[in-house]
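Shared between the two complexes below is subunit A, which has subunit B as its partner in the first and subunit C in the second.
Coming up: the complex of A and B.
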């Protein structure tokens, strides 16, 4: 649940990830999530994730082996085995994949990541802001096909990975950003697994109708409920493999107020009456007004009644280079970042 | 001329039957109590309605909407044990079949399971060649231990070869008596959900056979020579021969029938529909004559499927809903429901001589209902309580309608079902409230007027050929399927086209879902 919310409309449905983890735990025993301080500085940390098209992943459920073989190939290239795995993004299905793989490998998962939300491209991590490289990296499928490659920049890493995935069936394992425990400690977003669990727990309380649950959720995430409205228009299109779209909501109490949400796989920006009120990299989450279920981009439908939640991105994002990498202009919107939580940082 | 049709709907409380003539005119209607063996109730309703028909020999078609299969799953009764074969290895090994099933249902239904090599990629190339030896071994394992086998396969909605070949091999191993359900015949994209639906389907085959045989026998015993059909989740028909093989496709047909029936009875294609029963109320919305379908994954008896079911909001409000007064929370306010006396409303409510204050009593005192109960018995009922209960009903119904509407434009509301009298005449945001003629049997009427359909759900590449060409090919395929299902070719229409672009990758891939519908050929 937390993973769906932090997916901000994209990131792939965590449902399959949940089933992968369930089976891994049944077969191999419980999962261990550790704090970065519990690991030796010089230890190697590796990531693993699903990369591909969510529509294809619905049919091509992971084997589990592709994640291990991708990690194995990269470990062989580096000449060193990982002491723990780490999610690249805590948000969407990739929150859970490393847990299943780590359980199978008998190693822990680090309570940290590089986004604490979902983003569509590999270079969009806090690691890039620290000049950590996504490469060397590996892409693997379930049949034993895999490649390990170097890339000069994280942007090139992204395009090489995308090209490999098209050849390998659009549902693959990626392992990138190999780094030391010390790197994670210095550059990663700490406690993101815990954060995700806590957000999910509070959201479940909201769904059960527990008294004060909404306030609890808003307080924990420092989020604001910016709008409650009904979907009166959806425009979807696909360009260069990314689903772009616009959703317009009409306010439930005041039909003269409208909110426009711009989507590129994830919900990116909300405009009320032409003025940006929530901007990427802060999180823009759409929840069913009645059930408080997070609504994914694919699940949006005309007439839905939604609550729009704005949550500040992880504080680790706020450093030089953030806006160039993941601000509104990085996604092609000629507007400034709206820093609603400046005073609280 | 065999120009009459009979529609039968088996609900939780009542089994309804209507006979419909040319142009959708209602010739006769009847209600009977739903019985423990539902075939008894069907017989009673059919006999009662046919007694009102002058020329029974004019009856040409019979349509049944029933909750038998849905109830079998929900109650975990009469389900067969199923062998589960998935053709997708080496992909999908990370999630075994029935992984997310409720334990009690799994114990009853799931027999031997295997994930064998086979299946397809999104572009139709094989993931691996079909492992025929493994399929044969699995067949041998199933031959003595299960009643049916469910076969699913990665991307089988687009490429059926491996499922069809596996069915041949299983028939060779297990003999012709073993029934095999293939996933491409019951579900759309989404391997795990389609596999679940296929397993449920296989486990329902005995139940289905009993219903279908019972329905056919009922017709034969009544001296009627008719073509028989069952209604499916989307409000369209399948033949009894198909229903025998694909019973899981009927599990959500009840609400669809009542909404389609309301639509035709009132002659409106775009409207809200409220179906008030004895215990609960469903509100849905009709767009172009069909219920808007839900986007969320639909669970059947706790199992996730990818059926497209009507988008409904339900709540505990019905003719039998109980009103709790004063002492409940001590401050003199009332609480309505959510409990209901259900079908006992005919004995337990005050206006029928009982001692439980129900919404039927309230409706009678408030002047909304007549023709049921004795007004003099309700003289002792407190007027303030009635007013407060009516306020609650009106408030809840207004919220349900508001939640279902897609825009602020007022829409008409059609009220159907046995408890439709509870619906007020004025509702904010609703242009007018209509009680169509014969509204209490709208669901049986919906079954009687149902049409035949065909659909397609495939991934196309818009870069390989144009979007227009892909959509045209999908529409043609859907129309062919509809004609095979019995639709009249000249009257076919495309009722829905949905495109879901494949995200995160280049290539112009797009999942296209098309449905074609038409009236049954005479």
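Coming up: the complex of A and C.
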């Protein structure tokens, strides 16, 4: 639940990851999540994730073997085995894939990541802001095809990975950003798995109708309810490798008010009255007005009644280079970042 | 011939631009409520963000060829147009129609959103701008006609006609009472005549709207004349420019009025100088005087009957000058045709007859003069006129003597006349009163009279005692009659007379003292009516 919410509409449906984790626990025993301080500084941390197009991932279920084989290929290239795995993004399906793989490999999962939300491109991590490289990295498919490659920059790494994925079926395993425990301690977003769990727990309480649960959720996430409306228009397009779209909500109380939500794999920006009210990298989450279910971009449908939540991104993002990497203009929107939580930081 | 410029109207609306076809193959996508909004200008842009410079009532034409389908940028553009109070947004050659969010936003902002296809966006914008500028071009055309036309006119009447031709509406020059001085004779509501140019809904006497522009003859002085153009329904188009035209015309009219006034004053001075020669103030021989009189068209042949008019109250030389023509016309209408010469405080004039008029005709000329004067000073109640008529006499010497008699008669007429209306006396009817002329013309007696009345003036600031004394003496010392005339009780009159007698230390039962006192009172009245004895 928390992973879906932090996926901000994208990041792939965590349901598949949930099945993977469940199967792995049944086969190999319980998962172990550790704090980065519990690991030796020089230990190798590796990542694993599904890379591809969310719509393909829905239909092309992972075989389960590609994650471990991809890690194995990269570990062989590096000449060292990982002491733990780490999710690149805590948000969407990739929150759970490392857990399943770590259980299978018998190693722990580190309570940290590089986004604490979902982003569509490899280089969009706080690691990039710290000049940590995504390469060497590996791409593997379910049939045993795999490749390991180097890249000078994380942007080139994204381009190479994207090219490989297109050839390997648009739903593959990637392992990138291999780094030491010390690197994670210095550069990662700590406690993101815990954050995800707590968000999910509070959201569940909201769904159960627990008294004060909604306020508790807003308080914990520092979120703001920016709009409650009905979907009156959905415009989906797949261009330049992205699932782009525009959703128009009509306000439940004042029909003359409309909210435009711009989507590129994730919900990125909300406009009201021609003015941006929430902008990436802050989180823009759509919840069912009745059930409080987080709604993914694929699940949006005409007539849905939705609450629009704005949540601040992880504070680790607020460094030099953030806006160039994950600000509105990085996604092609010629507008300025709206920093609604500036006073609280 | 200058033609009236009929034409385009106030600023065009978006609807009119669409109907004129200058916005290409255009359709209203949303915000149709704003389609009747006026457009002041066109701006073309190829970017659509919050930095679009939008001025009020500007129609923004956006090159939509680079826009993504259903682009958020249109929302931002609409907001910029709304925030800048622009007229609307035209998206040209967009790859796809505006999305629902954009359309809903346009509806919410009531900002019209248009989509158009045009092969040449810049040509389309140029056509639209050309159409928009039509009203300004029209105004410039009117102003150009005005300026060119003014080079060909040199009178107030011609200037009014020029403005009237350009506007297609008659234009008149009115004075403060609302009466027309030149141009159409339509009266104007005097309440709208102020210090500023205005378009007033109740300008005409019947409540028609009109344009009013003051004519400033002397900068710093309040306006005495106004240019007025009555408007008809649907004349909104010309009103703005019309006021500008009237403003330009007012400068010309003001200068013509000054010119005419200076010219009139110059001529009046010449005429007055010659009149003084006629009366005997100069040293020119009679032949020279007669020759100069001939240049003015004056005649002194036959039997000459002169008259002398003295004005009192709120009059000055300018008023006399302005009213000379009107008075001359009134005299002619009354049958008194002859020279009329302006003085600073009135007029002198005479009529010539080939035969000696009968004595019985003397009252007639006095009556004719009174009629003309009464009609002249009828409206301003603050003006009074005392006039005298001399006896007829022959030739230039006769003119001199008749003028002298007329002056004397006017002085005597003023001595016992009320302070308003016209009083005319013929010298022949004055009889024994002429004895008084020596007294009334004496500066020494005037000083004696002033000194004698000084104690009374000290206790009689408002002149009540003096007025009571005057009436009492005029009523042959009848307190009853004086009380009736003054509207007070008889005892009040007696009480006042007692106070006067004790203050001035006179005995009113002594006939000599009473006569002297009445002369002093008459003298005082003449002085305080601003009579000039240097006639």
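The rule is simple: the second predicted complex is superposed on the first by the 344 of 345 C-alpha atoms of A that agree within 3 Å, B and C clash if a C-alpha of one lies under 4 Å from a C-alpha of the other, contacts with A are read in each partner's own complex, and residues count from 1 in each chain.
Quick note on the criterion: contacts are C-beta pairs under 8 Å (C-beta built on N, C-alpha and C of every residue); 3 or more make two chains touch, one makes a residue touch a chain.
Values in this document were obtained by computation on a predicted structure and should not be read as measured data.
When both complexes are superposed on subunit A, subunit B and subunit C fit side by side without a clash. Vertex at subunit A: the C-alpha centres of subunit B and subunit C lie 90° apart in angle, rounded to steps of 10.
When the two structures are aligned on the shared chain, A:189 is found in touch with neither subunit B nor subunit C.
After superposition on the shared chain, subunit A has more residues touched by B, the comparison being subunit B against subunit C. After overlaying the two complexes on the shared chain, residue contacts for A:22 are found with subunit B alone; subunit C is out of touch. Once the two complexes are laid over each other on the shared chain, residue contacts for A:265 go to subunit B alone; subunit C is not touched. Judged by the touch definition given at the top, the superposed model places A:83 against neither subunit B nor subunit C. Once the two complexes are laid over each other on the shared chain, residue contacts for A:323 go to neither subunit B nor subunit C. By the touch criterion defined above, A:232 reaches both subunit B and subunit C. By the document's definition of touching, of the two partners only subunit B reaches A:166; subunit C does not.
Smallest inter-chain Cα distance, subunit B versus subunit C, after superposition on the shared chain: 12 Å. Touching of subunit A by both subunit B and subunit C, each in its own complex, is seen for residues 232, 237, 250.
Contact residues of subunit B toward subunit A in the complex are 88-96, 99-100, 121-122, 127-128, 154-155, 189-192, 285, 292, 295-296, 304, 313, 403-408, 459, 500-511. Those residues of subunit C whose C-beta lies close enough to touch subunit A in the complex are 49-50, 69-70, 72-73, 75-80, 82, 99-101, 104-105, 107-109. Chain contact summary for the complex, subunit A toward subunit B: residues 10, 15-16, 19-20, 22-24, 51-56, 58-65, 100, 120, 142-143, 162, 165-166, 169-171, 230-232, 236-238, 240-243, 250, 255, 265, 290, 293, 297-303, 305.
Touching subunit C in their complex are the following residues of subunit A: 232-233, 235, 237, 246, 248, 250, 256-258, 260, 262, 269, 271, 273-275, 333-335.
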